[in-house]
Amino acid sequence: MTTRVTIWNEYRQEHTDAPVRRIYPEGIHGAIADGLRDELGIVVRTATLDELEHGLTEEALASTDVLVWWGHVAHDEVSDTVVDRVQRRVLEGMGLVVLHSGHFSRIFRRLMGTSCDLTWREDGGRERLWVVDPSHAIAQGLGAGFVLPEEEMYGEHFDIPAPDGLVFLSWFQGGEVFRSGCWFVRGRGRIFYFRPGHETHPTYFDANVRRVIANAMRWAAAPGGEMPTYGHRPEPLEQF
Amino acid sequence: MTTRVTIWNEYRQEHTDAPVRRIYPEGIHGAIADGLRDELGIVVRTATLDELEHGLTEEALASTDVLVWWGHVAHDEVSDTVVDRVQRRVLEGMGLVVLHSGHFSRIFRRLMGTSCDLTWREDGGRERLWVVDPSHAIAQGLGAGFVLPEEEMYGEHFDIPAPDGLVFLSWFQGGEVFRSGCWFVRGRGRIFYFRPGHETHPTYFDANVRRVIANAMRWAAAPGGEMPTYGHRPEPLEQF
Amino acid sequence: MTTRVTIWNEYRQEHTDAPVRRIYPEGIHGAIADGLRDELGIVVRTATLDELEHGLTEEALASTDVLVWWGHVAHDEVSDTVVDRVQRRVLEGMGLVVLHSGHFSRIFRRLMGTSCDLTWREDGGRERLWVVDPSHAIAQGLGAGFVLPEEEMYGEHFDIPAPDGLVFLSWFQGGEVFRSGCWFVRGRGRIFYFRPGHETHPTYFDANVRRVIANAMRWAAAPGGEMPTYGHRPEPLEQF
Amino acid sequence: MTTRVTIWNEYRQEHTDAPVRRIYPEGIHGAIADGLRDELGIVVRTATLDELEHGLTEEALASTDVLVWWGHVAHDEVSDTVVDRVQRRVLEGMGLVVLHSGHFSRIFRRLMGTSCDLTWREDGGRERLWVVDPSHAIAQGLGAGFVLPEEEMYGEHFDIPAPDGLVFLSWFQGGEVFRSGCWFVRGRGRIFYFRPGHETHPTYFDANVRRVIANAMRWAAAPGGEMPTYGHRPEPLEQF
């Protein structure tokens, strides 16, 4: 079975910000797509903010099994229509993987119902990610965890609902911790939030980060039950 | 310590619908308030849709520890301003108890991030509520559960996030089941959804339903940790 | 990838009890195995209480991906050695599917840490199972749920830890409800408890029940992260 | 309402180990008891391993609302009888607060069903505890978290069931993280595991640690629903 992935990227800082362009000359979406290139059974498309309907038309989403979301400086430019559409598709069963600064995206805040706020510092210190659920599919191939030599810090409190499950916790050199790999179910859809990926660090070229994202694609796309039907049921199942 | 409760009611069908007025001549909010009258340490106010700012001004919410919400036919008339305000107050720590058809209220859907849809039938059959968490404060005084002789049916699938905890499950005479008492934490706030309370049945006069609501007031108002601060932390706690 | 399943059955009442033998002439394990016969990639063995080491030798468990457990009248005859061994294998990553009266098995109580008690009545009434998590792999192919025309009743309170996830709820004709499909993670292992299957009803020939069990085999065997190592870490990762 | 607390301490290393005796001349239980001295409505007793029945007779437990557990080098000397008794009392509704090396106590492993293993290093580095659930009663008065200047390190993976809720996460100077404040419900009982408290550090004199423990006493003792009754229910509630 093929998993059809759409990688969505805001794709602005790659144009405006030389250090970002230097690290991600093909865009952050390009680096993420490159990381999935050799994954069997995963077919990748990309979409960006400045495309028509942000590249997320009804047709595009209808043929997407898992949507990856990276955004940072232009969350507010994502239209109501597209936020509504993505939310509906997630509730119908499309997977959603939200990366790093996507914690503040309209779609993530919409699906969480909270502020999704946190503390942060661009100090380029080390981040250590630890596996706290060794049974989880997203932890496959990552041993006890892994290190990112330089990253932005995100610290608790992270204002999300208690995740349905926690896969990774992060340790930061500057003294903070963070719930870095969190999964949620909303409707029929599976959501994974994964913390690393600041635009000034080459995080999406890291082999372990790529492993996490590939694992998340398969986990989020795995088949579940059928889409429920809702509403009026005029006839009781049992007579009384 | 006093718990300051505001009971919000849409208060429309009591005016337009003779059978509802007959059961709730003082309004659904009046019946709920009456049920809390003898509870020590609980002070009750009410507010309704057609008041200025739906009776939920900044001042009113600032002095509310727990907000009770009943709405049905006019969810869409609740303003953006008030939905935003209530959401913010919940994240800051105000308790919220959502009753019955409030599952479709804008504030509940906002906080859940899902459709909050379900199946339903106005058959007036029996509902049996069973306690599934005997450790929970909201289960106090309710034994193994209780019976409502006539109610509307709500059936699964109920499209909510998996609750942080489940207190009651309902059995319906017509063959369905429902997660009838669910708690959630969002930000610093505690939320309880309680299913019973269709406007054509005298549910809010039932002694067990009143016990659940009084218990929920105390649970939702209980003190927690402090409100977090978010944002930039320019100085690391540890030097490197 | 092949999933190696071992179906364990107490296999006593099939010998001592004519009505049970009539329904399950090949044993309950035989009926469950028969239900998995046409499942691609699932290889089935069986084991029973009266075999040497109850058929669950180190070798047998080492080559088992998912163990299915049915027991009822002889829980106490399962040896400490085998309970210890199965627990260890679950923590290492073997899946475990516990059926019906297995709620009182030594291995389930050991892994849950609670009494696993419940209420019950052999009334042969209808049971309706409702899907409450349409995203879950075990709900695949079951629509909104299904009906068993005759079963034993199990009622709440069911004394288990809050499950990591709830897939099915049951409605019973006599007025009770039950958390009928519950999953848990313990160590690296995935556990599914599935309620139906009293020995005097032909439940394990039911197509929907067979679908649930086949789904549970695949879910419980799916690969996760690596087995952690524990203990002393004399060298800090960061110098100070 | 008075909360009756029993603080149980193994109380061995205070006799055999000079550095421990120097820090805890009145025993670890003495220091914990001292920390609760000025808490209104909390009445404290202590009990130790070498007392008759480890000081945990039926009578002692029957009049205990919350039991605190500290043990380290003599877990295996705790008798089956006492482990069974404490487990039964927890399921009936007694609170249990397990401290630090109590993760390996027989009672905690019994209630969790897992190995409760972890990684560790006695490096005396800094530990930073962060609040991840600001709604929780146990987080009261602790702001965003607090620092312990010297402690033993405990690292993930911590082999426990996913907690029903997470209150604190720890950061360690040597590079690890840990789920340091975890709550669980088992039966009617509430359980809190709190990580800090190695015998060679003055942790139980720390004001914040004392605040956590006092908060945990009130949380674990708070009233819930009634003790369920289990077993045969010969009469259906609904006729069919």
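Here the chain labels run A, B, C and D in written order, and each chain numbers its own residues starting at 1.
The rule we apply is simple: contacts are C-beta pairs under 8 Å (C-beta built on N, C-alpha and C of every residue); 3 or more make two chains touch, one makes a residue touch a chain.
From a predicted model like this one, the values you see are computed outputs, not experimental measurements.
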Chains in contact with chain A and also with chain D, listed by label, are B, C
Set C-D beside B-C; more C-beta pairs touch across C-D
Expressed in whole Å, how far the mean CA point of chain C lies from that of chain D is 32
Distance in whole angstrom between the CA centres of chain B and chain C is 36
Each of the following residues of chain C touches two or more other chains, namely 126, 128, 131, 133-134, 144, 155, 157, 162, 164-165, 173, 175-176, 185, 187, 228-229, 237-238
The residues of chain B that touch chain A in their complex are 87, 91, 110-115, 117-121, 123, 125-126, 153, 155, 157, 159, 161-162, 164, 173-176, 184-187, 228-238, 240
In the complex, the residues of chain B that touch chain C are 128, 130-134, 144-145, 155-158, 162, 165-166, 169-172, 175-177, 179
Chain D residues touching chain B in their complex are 93, 126, 128, 131, 133-137, 139-144, 164-165, 173, 185, 187-190, 222-229, 237-238
